[in-house]
Structure formats: structure tokens, C-alpha cells
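So the structure is just underneath, and the comments pick up after that.
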């Protein structure tokens, strides 16, 4: 067994794991605070990727620079989703929220299909694309490296925001007990709305990074969404640190496990890992 | 009891309708629609036992569905065994799998439970994808055998399929209706609402969850077998997919979870909506049909978050007042 | 013979001792009051006695039978039933169905259970609300439903966890009446309550918990004069 | 409650009645393709090419070597026009089956053409077989489709068998030129398409009696989020040649990952799949320079057969892309249908099927002579060529009688 191959596996696993982390952080915020499984999460990712792509293709803005716009846009999409779709179903059976976001997911995906067509698109001439750093026979692709660093930074910012800011305290209080938070004078609807926006903004940032090295088409979000559901559960619902570490863990298992056991089993390994963890720790790795 | 009488009247109307309508309208596609509608109503009712009544939301019912369809199809393809026996085998295997899954999984709460069922389903799908005997990812095609009840194959006409599915739908509905009125039915609902209080009332929670899952698994497997025998081609990517698991959940949620009529109402809305939006607006490659479908689902949720059952109740209530 | 007897019962959550070597017994037909500041271990004691928790050390006997390790759902069949501090009615069921849930413990058949539940509804004065959804009723009514449901299991011993918390004086009065009425049917009762007047009024004997320890027990008139009790309560006030 | 349920039932009844559709006057062909869901892109390309084909048939075009282009409509049916009607399979066997039944129920279509994925072609063609209705398959590549003994099923496209045979003829040729090609890696998605392709490759390897070795057998899950583990596995095996049975989405990932992780091989060959999509070359440019794959049509063909330019221009006007092999197979398939109608001088299923069985259509659209079906319905006059991506364009590089351009070898200097 070649050592460089193994190191490369670890590096590649980490690089993709950080992206998983950020996607999962967006999901865990919404899921943890509002107890709503956002089925349209993957479609938010797709929206972000498409926006970045369109800005690149039509305005010539490199994805690196359009990132703040994308994040803002997705924050707005999140707010809008909350206002129009989530708020009316709050307080009813959790499955109705699931159903509503499922409908939304189909809707978004096909509206994009209608206007932008089904084609796969790739950004191949951006500032980052195609460049890589090589040393000792190891390779780090620049887009992935930048994405990974960006994802870590943003996750950390979100983490600080939630644990230190006033809004973060309100958010945590709401997550623990909505009714009590309401009694304490917290405007829970506002907290929910902002949480949804924040969750969407996270996945927006992830999409903005991902577009540098991933193809875009209307159905692109689904694979990531499914994986992020598992990551969120693995890390413990509503736990940002948990989602972050679980994302990395999944990236590593997928790469290293996939290599040794067989690539067709790599997602299976992730699911088995989840089942093992959950049977030892019923509330996830870092659940409270 | 007034309630019971009402049920039997409505139920008879539906059964007679479902039995007579396809005779009046000799349109195979319409018959196909009714078959799918009844199949998914039965399937969702099976899910409703565990997910609706007992409140344990499973995203992994494709496991039982897939086991059922493979159990009917594999022995049929390899040994020519009558699918009726295969169906029964599938049901029994599904119960055993439910027992195995249930023990560790029922310790989990809420979403952890849901995601675990999904994870189990994905692992099982991967097992089938790598199982040579059932041709891995290629799946199984039903061999061309003599038509008839023994092989459960009818080429010329869809009516036999329709009536067979109708019989299972009848059994499922009646069973659920009777169950609602037994101690078990009350226990399921109690577990869903207040598990601790239920325990204080002497309810063995994990045992009853297990009962619910086993019943649910059995009937889901039966439906899986019927599906396989009807479509005549099964593969892990369809019968063991997340799509199937989700569709079952969504139909029930749309109709009303934990409600007797919920699954039927959900599939009466969703299945024709899917079929006819595709027929009338599909084929363009632009997804107009699905835009409409998605928007309608969202609107239904916003307008009536209790599901269609809630809508009907509201409708009746207002009428009563006037 | 004692209906319920706790011998050296200790309960630890990790390092934290919720109960420390509790020795307590309740006689047939007695109303025992449990008082003590928040976190004193009253609810933990209930949880141990009803199989919701298994105590770390010690044994609990019910009519001489060791029930320390009997699982929660069996306890009800043996003849012990409880209510909850935070109201736990089956909020989507009707009042009748709530009570039937208790009656199923003895009457597996639905119609028998319904008859039995109907009797209980008459007894507890809930008959006119029989078909209303429990979740739509007032707190007082929901607590009453819990009581009704509890006695529907036909227990020998009931454990009531703050059934009067949050009620107004008139409702409290009614609740006291009901508890006394239940007691007259021959049930043994353990009551946890914060409202002192209430507990003094109905209890035959009172046990005081503080920080997981049983600090004193005796008749009400003795308890009110006890230094340690006053201190425990004053202490709580200081901390609050 | 009672009334509402009755109302709902009544509505269903209405739907049933309303779905009876009036008959068309022209000769209608039903096409089954995925027009929503993950494979929409492929389905839409097929839709466009059939529309172009119908235009060519119904109008008068002067395209040498393409019969029925000059005449308007179907000659044998007094110039009756051909119409194409599309049905959406959503990429699912279940929906595909339902749509096939609907086609047969409506009864207006005289022939069915479909589907895209082998997994959908299989159950849908069974439905047609059971109704004794002719079913033409344009592009599904699983060799197993024409090994089932169906009597109403015909396929125009080459199969995995043809492609793999072409690959190994090519490799033999390279070997004779002293190039190193013995160590083969096979990468395939774990679906019907991929597994069949892999089995054909392994058969060819076995037949070579030890000349070739499969050094890496790398299946992967369709819809992957990344392919690092897969690519590293290939890298560790150090193959001379990598053979892909991969659809577009993963193919782009593989290409990028090969580049990122510095994987070097002499050649990268693709079965019919993502490689053939013109966007693959035009979007990934340098990343995929030198990739090769089976090819039944590329713009490059026009240099050998100038008359095909007209068709390519029409398609390009519709889609903004050049024709690719898969699209050209679809194009040809509609001509096979017209040929059958014309010779049968009738449109009833039996006559049309009979005509299809005796098809001997000489047509210049594809490599090989044209279309003739064997007893299993497989086209035996089909051939395939090897194309290579050079500077974002597909150039035919092998065999020599089709080659327009010199091959770049090894693909990455």
C-alpha cells in the first residue's frame, strides 16, 4: 500500500468533508431549532450553484467574488420560504412541514428546469478552476482547497454567532423550548425566520464554493441533501459543532472506506457508520 | 354506533365504485390509475399503522416493500414458484426483519428514528444491488408464464390485477378500522401522544411499537409483491429506493396521518394529480407538470395543514352550522 | 402490612445523588404527603416506585413483593398508578377515551373498558364532558382527567404528583374533595404537593425530602413545628 | 364526509372518461423518453432530433444516401405525413410502463420508439410484446435487450457487445504498433447499463487469453457526490487503459478528479454515455483533451459525408449543439420506421412488424451499411468508430477508413 495514496485519501476526504459540513450546518440549524426537516435544502444548494454559474456566464463575475451576493440571495430565499411556506404549517404535524418543503423542492427544481433547461454546466475558466498544488506526489486542487478553507471559516463564524451573539442566545433558547422562549419575550417567529435565512445562507455559501469544481444542473442538490440528513443526525440535531465534525467524518469514511472496501459501498459505509454510532449513542455523536 | 354505520356505508360505496367503474370505462390506462391508486392507498395505510397511529415516522419502508417484491419475484423467476407463496414468504421475512430492526431502533426518538430507518433501507438496497442471485442492479424480469391466477399474470386484461389489489385494500381498511376500536388501537395512539403516560397506564411501549411495525411490514411486503407482479420488472433502484419510502409518507401526510381515511384520500389526490398532470402537461421536457404538482402540494399544506381529512372535517363542520 | 415499602433506596445520576438511602413505608388506607423543595427527590422517588427508573441501590416492596426491577408497564398491573407533574393527558383523545386508556389495564375488551370508564366519569364528575377533546379543556379538567384515568386502572396505591399545582382556590377545593372521595374507596395515596395548607389538610402523615434525603416524617402537626423543615423551606426561599 | 368522498370518486370517473382521445389522421409514432427528472437533458436532446427527423421526412430535402428525405411524407402511404408524439418516462420503469400502456390504449400511434435507459426499455418493450405491437429501440445499449427472444422488438444502435469488440480491436491494433495497452481498468456505474458494459469487457478480456488483464474493477454508485476513492483506486492500479461506462454527471467528475489527482493513462475509452454529450468536450476543454470513445456520429463525420451537414445544421438551430452519436441513432431510427411503413403500405401492427423484420435499409447516417435486423431484432449492419476529443472537438481517429485526424497517443504527454 502506497503511503501517498493513503495520504491523498485523507486529504481528499477532508476537502470534501468540509463542504459536507457547511451544507449540514445549514440543515442542522433549521432542523434543530424548528424541528423541521427541510426537504428543499438540496434545491437551495442548486439555486446557489446556478446563481453563481449564471453570474459567471452572463456577467463574467468569478464565483469567488459573487459569493457574498449568493449568500445574501440565499438568505433572502430562506426568509421568503419561511414566510410563504413554513409559517402557515408551524404547530401542525411535523410531516406536513416535510410535505410542504417536498412540494417546494419539486417546484423549485422544475421552475429552474423550465427557465434554464436540463443541461449540465461546468465552470472551467474561473480564477481557481483547473489549478492545483502538488508536493511529494500529493495533489490538492485549488478550487477544493479554497472551498474547504472557506467552509471551515464560515462554519466557525456561524458557530461564534450562535454561541456568542444575542440572537444566538435567543435561537438556542427557542431550540430548547419554544413556549418558554415565547414567555421570556423572545419573538420566536422572528428567530425562526432568521434561522431559516441563516440555514439557507450556509448552504448558499457551500453552493458558491462547490460550483468551482462541480457540475450544475437542476437535480444536483439531491445527493448532497441526502448525505447531509445523515450527517446532521450523526452529529446530533441542532448541534453545529456536531454537524461540522460529522461532515468531516463522513468525508473521510466515504473516501478511505470507499477505497478499501469498494467504491460502490462508500455511501453504504456512511449509513452503517451512522447505524453503529446511533446504537451506541442514541442522540448522535454530540447530541444533547 | 353511528360512526361505525357511517364507515360501512362509505366503505361499501367506495368498494362498489372501484369494482364497477373499470367495467363501465374500458380504458386500460384508467384501470392502471385505479390499480396504482388502490395499491398506494393500501401501502400508505400499512405505513399509517406505525407512522400515523403509533407515531413512529419511518423513512425506510422501501425495505419491506423491496423484500416483498423480491420474495415474490425471485422464486417465480428461478423456480416458477407461484407468487402467492412468494408473497407469503415476503410477508414473513418482512416481519422477521421488522423484529430485527425494531429492537435497536425503537430506543431512538423522533428524527433519529426516521433517519435510522432510512439508513437501514439504504444498506439493504446496497445488499440487493450486490446479490448475484437476484441479478444485482439489473433486477428481475418476470418470466413469460401461462396467464392465470396461479401465476398471478394477466396479459390481455388489467381487471384481475385491479380486483386482487381491491381485495387487499379491503382487508387493509377493514383491519385498520377494527384495530382503531381495539385496545391496541388506543395504545398506539397513546404511545404517539404521551409515551410516558401510556407506560404509567400499563402499556408495554416497545412491544406495541413492535406490533405496529410488524403489521405494517407485513402488509407493505404484500403490496411490494403485488407491485412487482404488476410491473413485471423490479430492480433495487426502484423497489428499494428512497422515492418509494417518501412517496408512502407523503401520501399519508397529504391525506391525514393517523386518520382512517387519510391514506385513501391522499392517494385519490396525489396519484391522479401525478398521472394526469404528466399526461396533459408532460412530454415537453420543461417540467410544467411538476411545477404545478409541486405548487399544489405546497398550497394544500398551507391551506389545510391537517391534511385532506382536516379539510373535509372543516367542510362538514361549517355545513353543520349553517 | 405496609402497602409500599422502600428500603435503603438510593438513586445516582452519574455522580449526582438524587436519592440517598431512603427508608419509607405507607400503610394500607393511608394518605402520605411528600414535601420538600424543588430537586429534593420527590419525583425521582415516584419514578423509582413506578418502574420509570430503577434505583441504583436498595429495594422497593409492594405488599411484600419486591418490585425494584419490575418494568414500568408492569407496575400498573400490579396495582400502582401515578399522575405526572406536568399534565400528561392524551390531548387528542376525548375525555372518555382518556379514561378508557386506564380501564384497558383491567378490561382488555373495548366495550367493557368503556363501561368501566363511564362509571369512573360519573364518579369523578366528568360525565358531561365525556366526548370533548382532552386538549381543549382547562388545566383543572385535564388534571381531573389524569386522576380519573389513574383510578380507572383499579389500583391499590396511587401516586399523585402535584395534581393541584396551578389551580385556583375553588378548583383546588374541588380537587381535595375528589382525592378524599377516592380515599374513601379504600385506596392508599401518596401525594406530592407544594401548597402547604392542602397537604396539611389531607395527609395523615408527611415525609419531608431535602437534597435526596428523607429528613423527617410524622403527622402534620409535628411537621409544621420541625426546625429542619422550616430551614429547608427558608433555604429554598433564599436561593430563589 | 360521505358527500366529499362521493365527490372525489365522481371526479376520478370524469378523469377516466376524459382521457379517451380522438384519433389522428397522420401516421403517428409514439416516443418514450425521460423528459423530467435527472435524465431530462438526454431526453430533450432525443426530442429535438426526432423533430428534426420528422421535418426531413415530411419536407423535401436533398440529402444523398438518405432515402425518404427527398420525398414528402411516406411514399408507400401516398405521402402521408409522420407525426411524433412524446411520452415522459421520468426515467422510471414504472412510469414508462404506464405510458406504454397509455400509448396502446389511445391507439393512435402505429409504432413505439423508446426508451433511453435499458432499465426502462426492458419493461416497456415487454408491454408492447404482450400486445404484439412493434417497438423500436433507438439507443439503449444493454446487449441483454436483444437476447430475450422478443418478436416485436428491434434495435438500431450498436450494443455494449459492438462497442467492446471495437475497443479491443482498437487495442489489438495499438498493441501491434508497439503501444502499451495490456493493463485495463474498467470503471462503471452500478446500474444495468454499467454492469452489462463491464461484463462485455470482461468477456473480451477472457477471450484474449491472457493478453489483457483487468487491473482495476471499479464500480461506483450512480449519483455520487465525489469520486476521489474511485479515482485513487484506479491510480493505485496504474492501468494503461481506462474504460468507462459512465453517464454525463459522473463523467465530468471523473475527468476533473483525474486531472486533480494526477492520474496518467495512455488512453481513456468510453462506452456510449457521458462522453458522447457534446457539452462534455465543449465545457471541459483541456481537462478532457485526448479522451476517446465509441462514436456513431460527430460533426467530424461531415468531412467524410458532406451531405449530413444539412441535418447537423437543423439540429444545431434547435439546440445550439452539434449532433452526437446517440442523437444520430435516434434520427436513423425514425427513418427505419418510415421505411417499414412505406414498404408495408399499411400501419397495422402485424404488417409493420413484418416489414421491420425484412428491413434492409441502406442509409448513410451511421457508420456501417445501414440497418438490417437479425432474428433477435438487433441491427447487424451497424458499425462504430473511435473518436477522440482534440481541442474541444470530437475527431474520428480509428479505424483508418473513417479517420479524419491523427490520434494523440498517449493522451496525456
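Going in written order, the chains are labelled A, B, C and D, and every chain counts its residues from 1.
Note that contacts are C-beta pairs under 8 Å (C-beta built on N, C-alpha and C of every residue); 3 or more make two chains touch, one makes a residue touch a chain.
Computed from a predicted model, the values in this text were never measured in an experiment.
Participant: Using mean Cα positions, find the chain sitting nearest the overall protein centre.
Facilitator: B
Participant: Just curious, how far off is subunit C from subunit A if you go by their C-alpha centres, in Å?
Facilitator: One centre to the other, that is 48 Å.
Participant: Just curious, how far off is subunit B from subunit A if you go by their C-alpha centres, in Å?
Facilitator: So the centroids are 31 Å from each other.
Participant: So what's the Cα centroid distance for subunit C and subunit D, whole Å?
Facilitator: For subunit C versus subunit D, the centre distance works out to 74 Å.
Participant: Express in whole angstrom the distance between the two chain centres, defined as the mean CA positions of subunit B and subunit D.
Facilitator: 36
Participant: By the touch rule stated above, which residues of subunit D touch at least two different other chains?
Facilitator: 36, 40, 43-44, 190
Participant: Return the residues of subunit B touching two or more other chains; collapse runs of consecutive numbers into ranges.
Facilitator: 129, 285, 287, 290
Participant: What pairs of chains are touching here?
Facilitator: Pairs flagged as touching, ordered by label: A-B, A-D, B-C, B-D.
Participant: Contact residues on subunit D for subunit B in the complex?
Facilitator: Residues 1-2, 4-6, 8-9, 12-13, 15-17, 19-20, 35-36, 40, 43-44, 47, 85-88, 90, 92-95, 97-98, 101-102, 104-106, 119, 122-123, 126, 130, 144, 190-192, 194-196, 222.
Participant: Can you name the residues of subunit D that touch subunit A in the complex?
Facilitator: Residues of subunit D touching subunit A: 36-38, 40-41, 43-44, 190, 218-221, 223-230, 232-233, 235-236, 248-249, 252-253, 256, 259-262, 277, 279, 283-287.
Participant: Report the residues of subunit B in contact with subunit A in the complex, numbered from low to high.
Facilitator: Against subunit A, subunit B makes touches at 57, 104, 107-109, 111-112, 114-116, 118-120, 122-123, 126, 129-130, 242, 246, 249-250, 252-254, 257, 285-288, 290-291, 293-298, 300-302, 305-307.
Participant: Name, in rising order, each residue of subunit A that touches subunit B in their complex.
Facilitator: 31, 37, 84-85, 88-89, 92-100, 102-111, 113-114, 118, 226, 229-230, 233, 237, 264-265, 267-268, 271-272, 274-275, 278-279, 282-284
Participant: Across the complex, what residues on subunit B touch subunit D?
Facilitator: Residues in contact with subunit D: 6, 9-10, 13-14, 17, 21, 25, 27-30, 32-34, 36-37, 129, 136-139, 141, 155, 231-233, 235, 237-238, 261, 265, 268, 272, 275-276, 278-279, 282-285, 287, 289-290, 312-313, 315-316.
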